[in-house]
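After the C-alpha cells below, expect a handful of questions from me.
Think of it as A, B, C, D and E in the order they're written, each chain with its own count starting at 1.
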Amino acid sequence: MNPQLLWLIPILPFAGFLLNGTIGRKLPRALVATIALLFTLAPALIVVQLWLFMKSDGAPLALSVVSCPWIAVSGFSVNFAFTVDHLTLVMLGIITGVGFLIHIYSVSYMAHEEGYWRFFAYLNLFMFFMLVLVLASSFLLLFVGWEGVGLASYLLIGFYFTKDSAANAGKKAFIVNRVGDFGFLLAMFLLIAHYGSLDFNTIFASIAASPLTGGLFTAIALLLVLGATGKSAQIPLYIWLPDAMEGPTPVSALIHAATMVTAGIYMVARCHILFDHSPAALTVVACIGAATALFAATIGLVQHDIKRVLAYSTVSQLGYMFLACGVGDYSAGIFHLMTHAFFKGLLFLAAGSVIHALSGEQDMRNMGGLRKRIPITFWTMSAGVFAISGIFPFAGFYSKDEILFDTFTSPNHLHILLWLVGLVTAGLTSFYMFRLWFKTFFGTPRFDEHTAHGPTHAPDLHAAHLAAVHASKTSTLVLEAEPEPTHTAHAHGVHESPWLMTLPLVVLAILSLIGGWVGIPEALGGHDEFKHFLSPVFNAGLDIAANPQHFLMERVDAGISLLVALLGAFIAWYAYCYKPGTAAALAAKYRRLYSLVDHKFWVDEIYGRFIITPILVVSRLLLNGLVDGGIIQGSASSLAASTRGGGWLVRRIQSGNIRSYAGWLAAGAAVVIAIVLFSHHTLPH
Amino acid sequence: MVPIAYYLVLAAVLFCIGIAAFLIKRNVITIFMSIELMLNAVNLTFVAFAHMWHQVSGQIFVFFVMVVAAAEAAVGLAIIIALFRVRQTLNVDQVDLLKN
Amino acid sequence: MSTNLLALLPELMLALTGVLVMLAEPLIPAGRTRKPLGYLAILGTAASGLAALYQLRIVDGSAPLTAFSGTIQIDAFSVFFHLLIASIVLVTLLASLDYFEDPITHAGEYFALVCFGATGMMFMTSSVELLMVFIGLEISSISTYILAGFRKGRATASEAAIKYFLLGSFATAFFLYGIALCFGATGSTSIAAIAAGLAITKTPLLGWLAVAMVLIGLGFKVSAAPFHVWTPDVYQGAPAPVVGLMSTAPKAAAFAVLLRFLFNATPMYRDHWVLMIAILAVASMTIGNLGALLQSDVKRLLAYSSIAHAGYLLVAFTGTQRDAVSTACFYTAAYAAMNVGAFVVLTQLSGFDEKLRTLDDFTGLALKRPVLSAIFAFFLLSLIGIPFTGGFFGKFYVFSAAVHGGYTWLAIVGLANSGVACFYYLRLLAALYARPATDTLADTPTHNYRVTAPAALALAATAAATLVLGILPNRVLHLTQRAAPTTTIAQAPTAPTTPQ
Amino acid sequence: MNFDPIILTLIIATPLAGAILLAFIPEKEGSKTHAIGALLISLFTLLLTLHLPAHFNYHAAPRTFQFEQNLSWIPSPNIRYHLGVDGLSMWLIVLAAFLAPIGVLASWNVISTRTKLFYTLFLLQQVAMLGIFAALDLFLYYGFWELSLVPITLLIATFGRTENRRRAAIKFFLYAFIPSAILLVAILWLYNLTGTFDLPTLQALALSHHLAATPTALLLCSIAFLVAFAVKVPVFPLHGWLQDAVAEAPTAAVMVLAGKLGLYSILRFSFGIFPDQSRHVAPVLIALGAIGIVYGSLIALIKTDLKKLAAFSTLAHASFVILGIFTFTIIGLDGGVFQILNESLIGAAFFVLLGLLYERYGTYDMRDYGGLATRHPWMVTMFVITVLAAAGLPMLNGFVGEFLILSGSMQSIFAHHIFWTVLAATGVIFGASYLLWMIQRVFYGKLGVRPEEVRGWDLTAREHLELWPFAALFLLMGIASPFWMRAIDTYGAATAGKVVEIAPGWYKNTETNAYTVNNQELGRWCLDHPGGCRVSIGFHVAASKEAR
Amino acid sequence: MEIALFLIFGLLAVAGALNLLFQRHPINSALSLVVVMMSLAVLYWSLGAEFLAAAQVIVYAGAVMVLFIFVVMLLNAGEEERSHGSKIAYIAGIPGAAAIFCLLSFVFLSERSHLGFTNLGGYLSSTVSNISEISHTLFTSLLLPFEVTSILILVAILGAVVLARKEL
C-alpha cells in the first residue's frame, strides 16, 4: 500500500473538524452527523487496510513517512513524520474502531443538544490529535497529540460551559494535565540537550548503543512518568478524571475511558527501551500503578453516582496497566488497554443509556429493578461488568490475569507485594462493579416514575447539576457553584434507547466477551497471538510466558484471581440483594472510615489547601502586594518624592526678597572666589 | 611712599561695606547708594593700578565708569519712582509679590 | 588707527534704526497706533542682519578683521553672534508688533529700546577690549532693565524692574572689579594683551581673582546658579516678548564674552576655572530643574528651565577649546530658537495682560487653539531634548564635548537632569493635550484675537529654525566650527613694561 | 528598477508623509476621513515592507546587512544616515507594518473625537518604530528610539481611559527617558572611544577586541545600554511603568508599548557591540527572565482587571524572550527572536479582543463579566484561539518559541541554568492557569452583571477583518515556522558564535568565545567595501588608544 | 606725608561708608556717601589722577548725589523702618561679604611685594599733563567706547522718560 495514505488517517478527522467547526452551525443536524461519521469511518477503513498490509508476510516491521520540517534551526530540527509499527497499529485499531462506534452512539444520544455541531467538531478534533499522538515518530509530534487531546477534552468536558461546574472541570483537567506536560517538556529538553534530537529511532538507537547511566537518565524517565501520570490519571495527578464526568457520557466513554487516558500507557510502552535501562523508574511506575489501582478502587466502593463509579474504576484499571508496564511486560499493559477500551467503553455507553432512560438520573440510590425495563442495556452492561470483574471467559479475565501473573513472576524485588495489591484490587473491582450491577438492575425500583420521562433533551444537564453540587463539595478549583433548578418535563416513562445507541452497545458487548481470546496464554491452551503480534516492538517478556514450567503457577494464579473476583461478586450480592441493609449498617459502624473514603480521602481538599491556596496567597500578598506594590512602585515613588522635596527647597530659596537674593549672591561670590583661588591645589596636573 | 596694596585693601573694605549696606539697608534708594559705593571702590582700585602701571587707560576706565554710573542712576531712580507710584513704599522687604 | 566702519555695520544699522524710531515717534499723533515704528525697527534689524551676513562674506577665510585700534574684532565668532542676536531681535519685534493695544504703553520707545539693547549686545560679542565689553554690557543691561518694567501699571512689572536693576548693578560691580583686577595683573584691558600679560605676570593671584570676579559678574548675566535668583521673579514680571528676548539675546552675548574671556584671555588658568564652571553647571542644571518641578506659573516655569539650560550650556565649557566654542555657539542658537519660539507662543496665547498664566489655564488648550498648541508642544519637546529638534542636537553636541574633554561624570549628571526636566515639560504638554475635566472650554480664559501675520511669521521662523537645527544642522555647525579657532588671537602684542 | 537601496527609506518615509498629510486635512466632527487615510497609508507601508522578505538573500555572510543605504548626514561629528536589515530585523519590520492597519481598525469607532491628532500620532509612532528597526547608525537609532516615546506618551495622556491617564503617561515617559539619557552618555563615550557611530564598524571592533578601554569601563557602558533597553522590554524589576501604561493606553498604542523595541535593541546593540560583556552578565539576565516569567504569571493569576492581567502576561512573555536570548545558544536565540514575533502578535490580538469587550460593555473588570460565550460565539472562538496560542499549545506559534527558548536554556552553559529552566518551565502551568481562568470568568458560567445591563453584539465584519489575520498567522507560524526561522537563524547562528569566520578577516573560537583578526584580509575587505574606510578609522583610533 | 594723606582720607572714606551703613535716614546716608566720594577724590589726586579727582567731585558728588537727594526729597522718604524681611541676608550674606573681604585682602597683601609703592613726586614732576594724555588716548585708541557711550546715555534718557513719566 502507499505509505502516504498515513497522512490521511489524522487529516480526515481534522477536515471534519474544520467543516463542522466553521459552517456546521448553519448545517442541518443530519448533515453534521453524516460528516462527522464519514470522516471517522474513512480512517478506520484505512487502518483496516493498513492492518491487512502489516499482517501480510514480507511487510516491514515499521512503516514511516516523513514530510517537511516543522521546526528547523541550525543544529536542531523536527520534521512532520509518522511511523506505524504493530503497537501503533493496535492503538489505531482501538481509536478508530471504538471511536467510530461512539460517534454512532452520540448521533442519537446528543440528538437534542444545543451546539450539536460543536460537539461533533470537537469529537473529530479529538480523533485528529489522538491519531497524531499514536502515529508520531518523535517525542515532539507525540507531544502535539498529547496536548491536543488535552485541548479536546477541555473543550468537551466544558461542553455545557454555562454551568460553572462543567467549566471548572474542564479547566481543572487542562491545568492538571499541564502539570504532567511540564514533566514531559523537561524530559524533552534534557533529551535534546544530550541527544540533540527528539526522533524516537535516533534516541532509542543511541540509548541502545551507549546507555546513559546515572541520575540524569532516571530523571528523564521519571519526568516522562510525571507526564504519563497526568494524562493517564495516576497518583498524584488523577484528581481531574472524576470531575471530567461533567462532560457528555459519550465523551466520558471515548476520551476518559477508551482512548485518551491510555495515552500515558502508550507513551511508556513506546519508550520502553528508555525505561528498560532505568530499573528505578520502572519500579516507580509499578508502584504508582499498584497504589493507584488500589486507592481508586477503594474510593469506587462507596460512590453513588453511576458515572463516578465507572470513573474511579477507570483510574484503577489504568493503574493495572501502569503496573504491567512497571513490571516490564508492556504487551500485557497494551493488552489490558485494548480489553479495557472495549468493556469500559461499553460500560460508559450502557450507563449513558441507563441515565438516558431515567432522564438524567445518575444516582444509583434512585435506580434498581431496571432489568426488565431496558433489557438490551441490561444484557450488554452485564457483559461489561463480567469482563471488568475478570470473570472467565470474558476479555478482562485474560488481560488482568496476565498482568497479575507477570507481576508475580517479575524480577522486581517488590513483586509479591505488588501482586497482592493487584489481587485485592481485583476483588474490590468485582465488588463495586457488581454492587453497581445489583443496585441498578435488581431489587425494587427506587426511581419516581413521574419525573422519569424522555426522550430527554439534556440528560446530562441534570447529571451535571448533581455533579455540580457534588463538585462544589469536593473540587477546590471551583469558586462558586450554585445548583440550577432541575428542569421538569411531562412524565413519559422509562424506555429502552433507540437502536443507534444500542447497536454500539451490542458490538462492544461481543468484543468484551471475545476480545480477550486473542491473548489466551499457552498455559490456558491459547497461543498468546497478541503478545506475538507485538513482539517486534517489545522483544522482551516472551521468554517468561514461553517456558512451560511456569504453566502450573500461571494456572493457579488464574484460579486465585477468578476466585477473588467471584468472592467480590458474592459479597456484593450478599450486601445489596440478599440483605440490603448490610452496607448501610457497616457504614454506620465504621463511620469515620466510611466518611474518609466517601470524601475520597480529602485529596482534593488537601491539594487545595496546601498547593493552590498558598500559591494564590503568595501571589496576592507577597508578590502583588509587597514586591510590586511596595518595592517596585514604592522605590519609584520615593525617588519622585525626594525630587519634589528638592523642588520645594529651591522654591523656598526664592523668597522674593531682594536682600535675601543679594545674600545668596554674596555668599555665592565668596564661594566662587575661594574655589577659583584654591582649586589648583586640588586639581591634578 | 604708600604700598599700592594698601589702596587696594582700602578699596576692598569699601567694596565689602557696600555689599553689607546692600544687604542691611531696607530703603531702595539707600541700597542704590551702596551700589554706588561699590562702584567707587572699584574705581579706586582702577586708579591705584593705573598708578602702578603708569597706564592712563585705567583712569579713562574710571571716567567711563562714572558716566555709566550716572546713566544707571538716572534709570535706577526712574525705576524707583515708578515702583513708588504703584507700591507707595520704598522698603524692599515689602517688595516681594514675585516669589517661589 | 583704522576706523573701518564695515566692522561696525550691524551695530550702526541697529543704532540708527533706534534713533530713527525715536525721531519718528513724536511725528505720530498721540492715541494712534505705533505699528509703523515697529515695521521701521523690523526693517532696521533685518538690515543689520544682512550687514552681519555681509561681514560673514568679508571674514570668510581671511584673517579676523580688527578695527578702532583693536577694540573691535570681526571674526566668524562675532559674526555668528551678530546673526543670532539680529534674528532673535527680529523675531521678538515681529511677535510684539501687535502686543501693545493702547498707545499709552510707549510702543515707540519699546522698539527703540530693543534696537539699542541689541546694539549693546552686538558690541559685547564683537569687542576684544574689556572697556568696550563693559559699555556694551551696560547698554544691553540698562535697556533690558527698562523693558522688564515696561508694563508699568502692574505692581509686578516695577518690582521685576527694581529687582533686576538692583541685583544687576550689584553683579556689574563684581564684573567691573574683575576687569580692574585684570588690569592690575597685566596693565591692560584688551583681551590679547591680558592673555600675553598673564603669561608673564608676577602676580598670578590677581589674575585668578579677576577670573573669579568675571565669572561672578557674567554668571549673573547668564543666570547661572547661585547667581540665578533674580531670574524667575524678573521673567514672571516682565512682558512675555521681552522675556523671550532677555532670556536669549543678552545671555548669548554674555556667553560670547565668557567664551572670549576664558578661552582667549585666561586659557592658561583653565585648571582654575574649569572645575568652577563644572560646579556652576551642575548647580544651575539641578536648581533650575528642581525649581521648575513644582511650578504652576508657566512663565516662571520657563524661567527655571532657562536657568537649567544655562547649566547645560556651561557644560560645553568643560570641553577642549575647539569643542567648547563650537558646541556652546550651537547650543546658544538652538536654545534661542526654541525658547524665543515658546515665548512667542505665550505672547500670542495670553496677550498684553496675561490672561493665561497657570498650568490650569492651559489645560485642554489644544482643543481651542490646536495650531498654537501644536507649535508650543514642539518647542517643549525641543526643550526636553527629543531627537530631530535643535534642542536634542544641542544637548547631544554639548555632552559629547564634555565627554571628549574628560568630563563624563558631568555628562551623566546633565543627562540625568534632563530626565528630571522632562517631568515638568511633560506636565505642561499633557495639560495642553489633556481633555479638561469639564468640557466647558468656554469659561477658560483665553486671549482670543487671531494670530496676526507677523506673529505667524515669527512662529514659523522659530519652529523652522528649531527643526532645521535638529535635522540639517550642517550649515550652522560649519559656522560654529569655523568660529572656534578664530577666537584664539593670532599675534600677542607686547605686554607693557612692569614698573621698575 | 531596483528598489533595494531605497526601500527602507521609502518604508520609513511613507507613514511620515502620511502623518504630515493627515495633519493638514481639516477635521470634521464624526468624519472617518483620517481613519481611512491612516488605514490606506499603513496598508501601503505593509505592501512596501513585503519587498524585504521577497528579496532577502539568505546566503549573505553573517553579520552583514542588506538593503543598505549609507549616506553621510553630518560630517563632524561623524553621523551617517545608515539603514539596513538582517535576519533579525527583517521580520520585525514586516510585523510592525502588519500591526499598523490592525491598530487603525481597532480604533475605528473607539476614537470618535480628535481623530486627526490620534492618527497623526499613530503614524508618527510607526515612523519611529520602523526607524528603530532599520537604523544602523547609533545616532540615528537613538533619534528614533527617543522619538518613539513621544507619540505614545501623548496618546496615553490624551486618549487614556481614566483620570489617571496623565500620571500614567508621565510615568511611562520618565521610566523610558531617564535610562535612555544614560544610554546617550554611553553612546557618546563609545564615539569618543572609536570616533564612529556606525554599528557594523563598532561590531567589527568589538569582535576583534579593538575597543580600547578598560574592561570595567566597557562593562559599565554595556550595562548602560542594557538597562535602557531592559526598562523598555520590561525586564522583571524594571516593569513599574507597565501596569499603568497598559491600563490607560488605547488599543492601538498598547500594541506597540512593550516588548519588541527593547528586545530588538538588546539583540542588535547590546549583543552586537558588547558580545563578551553581554555573556558576562547573561546569568543574571537568565535568572531575571525566569523570575519574570513566574512572577508575571502569578500576579496575572490574581488580577481582576483584564488590562492589568494582560500587562503582567506581557511581562511574562517578554521574560521568556529574555531567558531565551541570553542563553547564547542558537536554539535559544532563534526561539527568542521568533518569540518576539509571537509575543507581539498574540499580545496585539489579545488587546484588540479586550478592546472589543470594552467597546461593548465599558469595563475591564472580570468580575462584571461572565457567560458571554452564548452571546458572542465568534468572539469566544477568537479569544480561545488567542489564549491557546499564548499558553503555548502545539501547532500554534507560541509553542514553537517557548519550546525552543526553554530547550535552549537547558543547553546553555551558564551557571544554574537547569534550575532556572525548571523554574521557567513552571510558567507553562501558571500561564495556562490564569488564561483559562480568565476565559472561564469572562465567557463561561452565568451571564455577568454588565452583560445583563448592556446588550452586546457579536463580531462585526470589520472586527472579523481585524482578528482573522491573527488567527491565520498563529496557525501558520505554528506549523510552518521554518519560513520565518530561516531568516532569523542567519542571525541566531552568527550571534551564538558557532560560525568560524564571522566576517571577512574575523575568526572566532566557538568554545572560548575568543576572537582573532586577520588584518591583511580585513584591510582588503575595507578597501572594496564602502564602510571599509570607517573600519580602518576605527582601527587607527583603537590602535592609537592602545599606543598610549 | 603721603602716608598721612592716605591714612586720613582713607579712614575718612571708611568712616563715611560705615556712616552710610548705620544712618537710618536716606539723606544722612546720601551725605555720608558724599563724604566718601570727596575723600576718594583726594586719594585720586594723591595717586596722580587729578582729572579724575575733579571729575569725581563734579560728576559724582555733584550731579549724581544731587539726583539722589532730589529723589529722596521727591518721594519724601523718611526714616527706614528696620523690618525683618530677610534672614538670609544675615545668615549667608554678611558672612559672604566678610569672606570676600578676607579673600581680597589676602590676595592683595600676599602680592604686596610685587605691587610696589606710590610715588607722587614722579607724577607731579612729569612735564606732560595728565589731562592731555587722557584726552589723547580717549580720542584715538578709545574713540569707539567714547562714541558708543552716547548710545548709553540715549538709552538712559529713554528709560527715564518711559518709566518716570506719569501716565494720564
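The definition used in the following text is that contacts are C-beta pairs under 8 Å (C-beta built on N, C-alpha and C of every residue); 3 or more make two chains touch, one makes a residue touch a chain.
From a predicted model like this one, the values you see are computed outputs, not experimental measurements.
Enquirer: Which chains are shared contacts of subunit B and subunit E?
Expert: For subunit B paired with subunit E, the chains in contact with each are A, C, in label order.
Enquirer: Please identify the chain with the largest separation between its CA centroid and the CA centroid of subunit D.
Expert: Result for max centroid distance from subunit D is chain E.
Enquirer: If we define chain centres by averaging CA atoms, which chain lands farthest from subunit B? Would you check?
Expert: With centres defined by C-alpha atoms, farthest from subunit B sits A.
Enquirer: So using the touch definition from the top, which pair is joined by more C-beta contacts, A-D or A-B?
Expert: A-D
Enquirer: What chain sits nearest the middle when you go by CA atom centres?
Expert: Ranked by how close its C-alpha centre lies to the overall one, first comes D.
Enquirer: Please compute the C-alpha centroid of subunit A, do the same for subunit B, then give the distance between them in whole Å.
Expert: It comes to 97 Å between the two C-alpha centres.
Enquirer: Return the distance between the CA-based centres of subunit B and subunit C, expressed in whole Å.
Expert: Going by mean C-alpha positions, subunit B sits 26 Å from subunit C.
Enquirer: Taking each chain's centre as the mean of its CA atoms, how far is subunit A from subunit C in angstrom?
Expert: A distance of 79 Å separates the two centres.
Enquirer: Could you work out how far the Cα centre of subunit A sits from that of subunit E, in whole Å?
Expert: Between these chains, centre-to-centre, one finds 103 Å.
Enquirer: Name the residues of subunit D that each touch 2 or more other chains.
Expert: Residues of subunit D never touch two or more of the other chains.
Enquirer: Hey, what residues on subunit C touch two or more of the other chains?
Expert: If we look for residues of subunit C contacting two or more partner chains, we find 131, 135, 138, 142, 145-146, 149, 152-153, 161-163, 166, 170, 184, 205, 209, 232-233, 423, 499.
Enquirer: So which bits of subunit A are touching at least two other chains?
Expert: Correct list: 651, 654-660, 662-664, 666-669, 673, 677.
Enquirer: By the document's touch rule, what are all the touching chain pairs in this structure?
Expert: A-B, A-C, A-D, A-E, B-C, B-E, C-D, C-E
Enquirer: Spell out the residues on subunit B that touch subunit C in their complex, using ranges where they run on.
Expert: Where subunit B meets subunit C, its residues are 8, 15, 18-19, 22, 28, 31-32, 35, 38-39, 41-42, 45-46, 48-50, 52-55, 57-58, 60-61, 64-65, 68, 71-72, 75-76, 79-80, 82-83, 85-87, 92, 95-100.
Enquirer: Give every residue of subunit E touching subunit B within the complex, in rising order.
Expert: Within the complex, subunit E touches subunit B at residues 2-3, 6, 10, 13-14, 17-18, 20-21, 26, 29-30, 33, 36-37, 40, 43-44, 47-49, 51-52, 55-56, 59-60, 63-64, 67-68, 71-72, 74-75, 77, 80-86, 89-90, 93-94, 96-98, 100-101, 104-105, 108-109, 111-112, 115-119, 123, 130, 133-134, 137-138, 141-142, 145, 149, 152-153, 155-157, 159-160, 162-164, 166.
Enquirer: Show which residues of subunit E lie in contact with subunit C when the two form their complex.
Expert: Touching subunit C from subunit E are residues 103-104, 107, 110-111, 114-116, 140-145, 148-149, 151-152, 154-156, 158-159, 161-163, 167-168.
Enquirer: In the complex of these two chains, what residues of subunit C are touching subunit E?
Expert: Interface residues on subunit C, with respect to subunit E: 1, 3, 8, 15, 18-19, 22, 68-72, 104, 106, 109, 112-113, 116-117, 119-120, 123, 129, 131-132, 135-136, 138-139, 142-143, 145-146, 149-150, 152-153, 161, 184, 202-203, 205-206, 209, 499.
Enquirer: Any idea which subunit A residues touch subunit B in the complex?
Expert: Within the complex, subunit A contacts subunit B at residues 651, 654-659, 662-663, 666.
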